[in-house]
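Below is one structure; the comments refer to it alone.
All chains are identified by letter, namely A, B and C, in their written order; residue positions are counted from 1 within each chain.
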Amino acid sequence: MIRISHLYVSYRSTFSDVEAVTNASLTIAKGTIAALVGESGSGKSTLLMAILSLLPPGTLVKGKIIFDGEDILQIPESKLNRIRWERIALIPQGAMNSLTPVLSVGQQIREILSFHNGIKGLPAERKTAELLDKSGLPSSVAGRYPHELSGGQKQRASIAMALACDPDFLLADEPTTALDVITQGEIVSTLSKIVRDTGMGMLLVTHDLPLATSVADHITVMKNGLIVEQGSTEEILENPHHVHTRELIAALKVLEGGNSN
Amino acid sequence: MKSWKRWSFIALFLIILTAIAGPFLFGTDPENPMAPPFSKPVWLDRDAPLTRILELTEGETTKTFKSKGDPPKQFRLKGRIRFEGTPVKATLVWRTPREEILLEDLSRYSDILIDLDGRDITFKLNIGLSAFDNAMDKLMPAEGEYSLYIESDVPVASAELTATLEGGRWGVLGTDQRGRNVLYLFVMGIRVSLIVGISATLIASMIGLSMGLLSGYAGGFTDSVIMRSVDVLLSIPILPILMALAGIWGKGLWQLVLILSLFSWMGTARTVRSLTLTLRDACFIENLRALGAGTPYILARHLLPETLPLLLANIALGVPGAILAEAGISFLGLSDPRVISWGRMLHEAHSFGAFTTGAWWLLLPPGLGIAFLCLIFLDIGKFLEEMVDPRLKGGNDK
Amino acid sequence: MKNYWIKRIASAFLVLGVVLILNFLLFRMMPGDPVSSIIDPRFSPEAKEQLRKIYGLDLSLSRQFILYAKQMITFRFGISFLTQRPIWEELSSRIPNTVALLGSALILSAIIGTLLGIKAALNRGTVIEKIVLWGGAVSFSFPSFFVQLILLMCFGYLFPIFPLRGTISIPPPTGAMAAVADYIWHMSLPVISLVLLGFGGWALYVRNLMVKVLGEDFILMAKAKGLPSHNIIWGHAFRTILPPVITIFLLALPGIVSGAVITETVFSLHGVGRFLLESVTGHDYPAAGAAFYLLALLTIMSNLIADLAYGFVDPRVRFERRGKR
């Protein structure tokens, strides 16, 4: 269980501090998918990066992020490196340049296996093939370099990488942006299937409410750094409190109406 | 626009001023020996006596000075004395606080050439010493007033005498292996560096500009030929070619300029080509072509002005390279020995004894001069580059 | 991939061809009698006639060139005007010195420059970064020979730690160990001077590239993976900038080889560069041509090696043409 309570994050800028997250509290349980929905700039990605303690140096963070009874914000770097990826893994934005361009996909997965699990040589290669298969890629992709892969393939490679250490939680930061609609659907269904099969927990950060409602158990809506709505998917769809959520849902209904015609 | 406040512009202006005014300030020919070879600068080694030069010019018959009595290393007296008639009795006298020493008997000569040296045995014997004594001990024994004068029964028509009391220190920057004034040589060196640096880069940029425009605009075969030659020229060590050409074609300043520019246009050509390529397909050029504008017209009226600011920055940034190349060739001794340049000064210091005499002060002025001039042009280039592309401002991070 | 090798090797041959043509024209197409520039005017008529035959001066220009190219490729450079000895004999004893000088200077400045550049990129705004920025400025604006002359004056004359000139002591020391130590002693100052001149530019490039790459998404990802910083810096960041670093090395290579002439002159080393200078000043054209050819060959070969290394470190080589080279 990851429990975020009263989290404040502010970035230092030349003129004044900019508060990106204000008093956010959020819980992600194992075996569930929580979605964090908001427009760009609403602070949702900042919140996600705070969980891995990966905010740029100089950022001010207040509050608590309790994982396994410990506050992630207080854990020293060396111990953090054991929580990162082994317990909590990250699936980056599809648009991000998140694979090292000069290393093959296989090299990058094996590096993780070797450092975190001590698996090397042939077993590592077998495990790599297995991971790629799980995320829907042929094992030949292991020998490929990032520039040889399509956007969807890169994202699947990122998923394979995230699964390398069988983490307890997956943090997915807009995993489908910059992908075409069909690939988006495939990636999301692969992800939710993996989460349901393995019983891990996932935090899905997205600006896409329909996507969130289709997979998530709980939804949190953020706007301008504030959490404006929180609840189970059904609750939110049926009885939204905040104006912003209502607008989002109204837009969703229009779209669905359009689709049914 | 605060461009004029930038230090490099002020420094360049002052340097050009010095280069122009230099020869007038010193008066004489820089090749003239001014003081003994390898004299130290006056600010160095303060215990050593200064090199003192006494000159008797038109009409003067006496020269007096005060000394602390630290004997210089050598004494030399050279010149010519003419009388208005033939004197029955005439003498050239050196008066010390202790005695009067007869340096030369001038009697019965109406016109006499003087050439005395403290190390000469005859001179020592003449002033009453043995061949093994040090003449300086007798000539400058103690603190007090000294004078050099001519006594005769006939008026002196003209006396041009130079007495050199060599102490090992002379001038602001000392003297070189031929006794020339290093400060003067340094000032003269500015010209060569500026002329060669700027004109070689200008010519090279013109070549580079035409090559780049041609390559970028024409494309196809022309482009690949030009770009391949650029690649090849950039992967050959150029200095040996420059050396060979300088050795064969003669060593004049303008030959050097030509040689340098022939082998340094490649970078400009590349930059101009890539800019031309991006501009060639820009909308306004397409429109011009649709309006029926010919290639020469587009090149001259639109592409050229667009590339010009970049070219200007390129020229400024290219000057240090040309200055360094010229200095390098001169340092290797492949420049005209009659032309004073900073590279030549270092060459002479290296080959003619600066290292056996430890005359390190001969190295600093030309070397620092080159470096300073290069830094000035780098700064101007950076400034121009920032004007072309304001994103470059504020650090070189990205 | 195969295409890449073929292209690189072909371009090496192209450069070699251009060098041969340049060399041929440079020393043969001079003003005045072409014969006098190739054959020492002081030789007897019979000797001249014989040399004419060797150089094929009575043949057509294209035939002459083919003959010349053959001689160059097989290292038959002819007789030196100055020493009257075979040029190859003169050169062969000098090649190891030049290679040792440039090789060790390059390796040392690459290592020091890379380490400092990375350190500077990781510690922005510290003293190390300032040193790197200034070191870079110095190496771009100070004439190499000036820095070397100052070093020589300081450590050869004022504080005589190193010898003033030469490659070995005269008389040479006896014993293999002593000879090696003597050689290293003589080569130290030249190598140190080249490293001092070289590391700044190197460090500056590495720093700029590192600063850029450290801001990339995949570095943040590597941190998210919990990898130790050593892996991130070397395995991801430095590994990514390795191709451009090699490209910069390639661009600097001709200048480095040119530097041999100046360094060997300042320190009076027994090398190819100083031989070139002596030949040029002594109007010994065949010898100068041979020395230039050897220096160019050295450049071409190092270039080819670096090209091959580039092919190994940059996976994109298989598909794309290299950007700006």
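Going forward, contacts are C-beta pairs under 8 Å (C-beta built on N, C-alpha and C of every residue); 3 or more make two chains touch, one makes a residue touch a chain.
As the structure is a computational prediction, the values presented were derived from the model and not from experiment.
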Compute per-chain Cα centres, compare each with the mean of all protein Cα atoms, and return the closest chain. C
Using each chain's Cα centroid, which is most distant from the centroid of chain C? A
Quick one: chain B and chain C, Cα centre-to-centre, how many Å? 30
Could you grab the centroid distance between chain A and chain C? Build each centroid from C-alpha atoms only and quote it in angstrom. 51
Cα-centroid distance, chain A relative to chain B, in whole angstrom: 68
Set of chain C residues in contact with two or more other chains: none
Under the definition above, what is the set of chain C residues touching chain B in their complex? 11, 14-15, 18-19, 22, 26-27, 30, 37, 137-138, 140-147, 149-150, 152-153, 156-158, 164, 208, 211-212, 250-251, 253-255, 257-259, 261-262, 265-266, 276-277, 280-281, 283, 288, 291-292, 295-296, 299-300, 303, 324-325
List of chain B residues in touch with chain C within their complex: 228, 231-232, 234-241, 243-248, 270, 320, 324, 327-328, 331-334, 343, 346, 349-350, 354-355, 358, 360, 363-364, 366-367, 370-371, 374-375, 378, 396-398
Per the touch rule above, chain A residues touching chain C in the complex are 52, 54, 80-86, 89-90, 92, 96-104, 111-112, 115-116, 145, 147-148, 161
In the complex, go through chain C and note every residue touching chain A. 216-218, 220-228, 231, 235-236, 239-240, 242-243, 313-316, 319
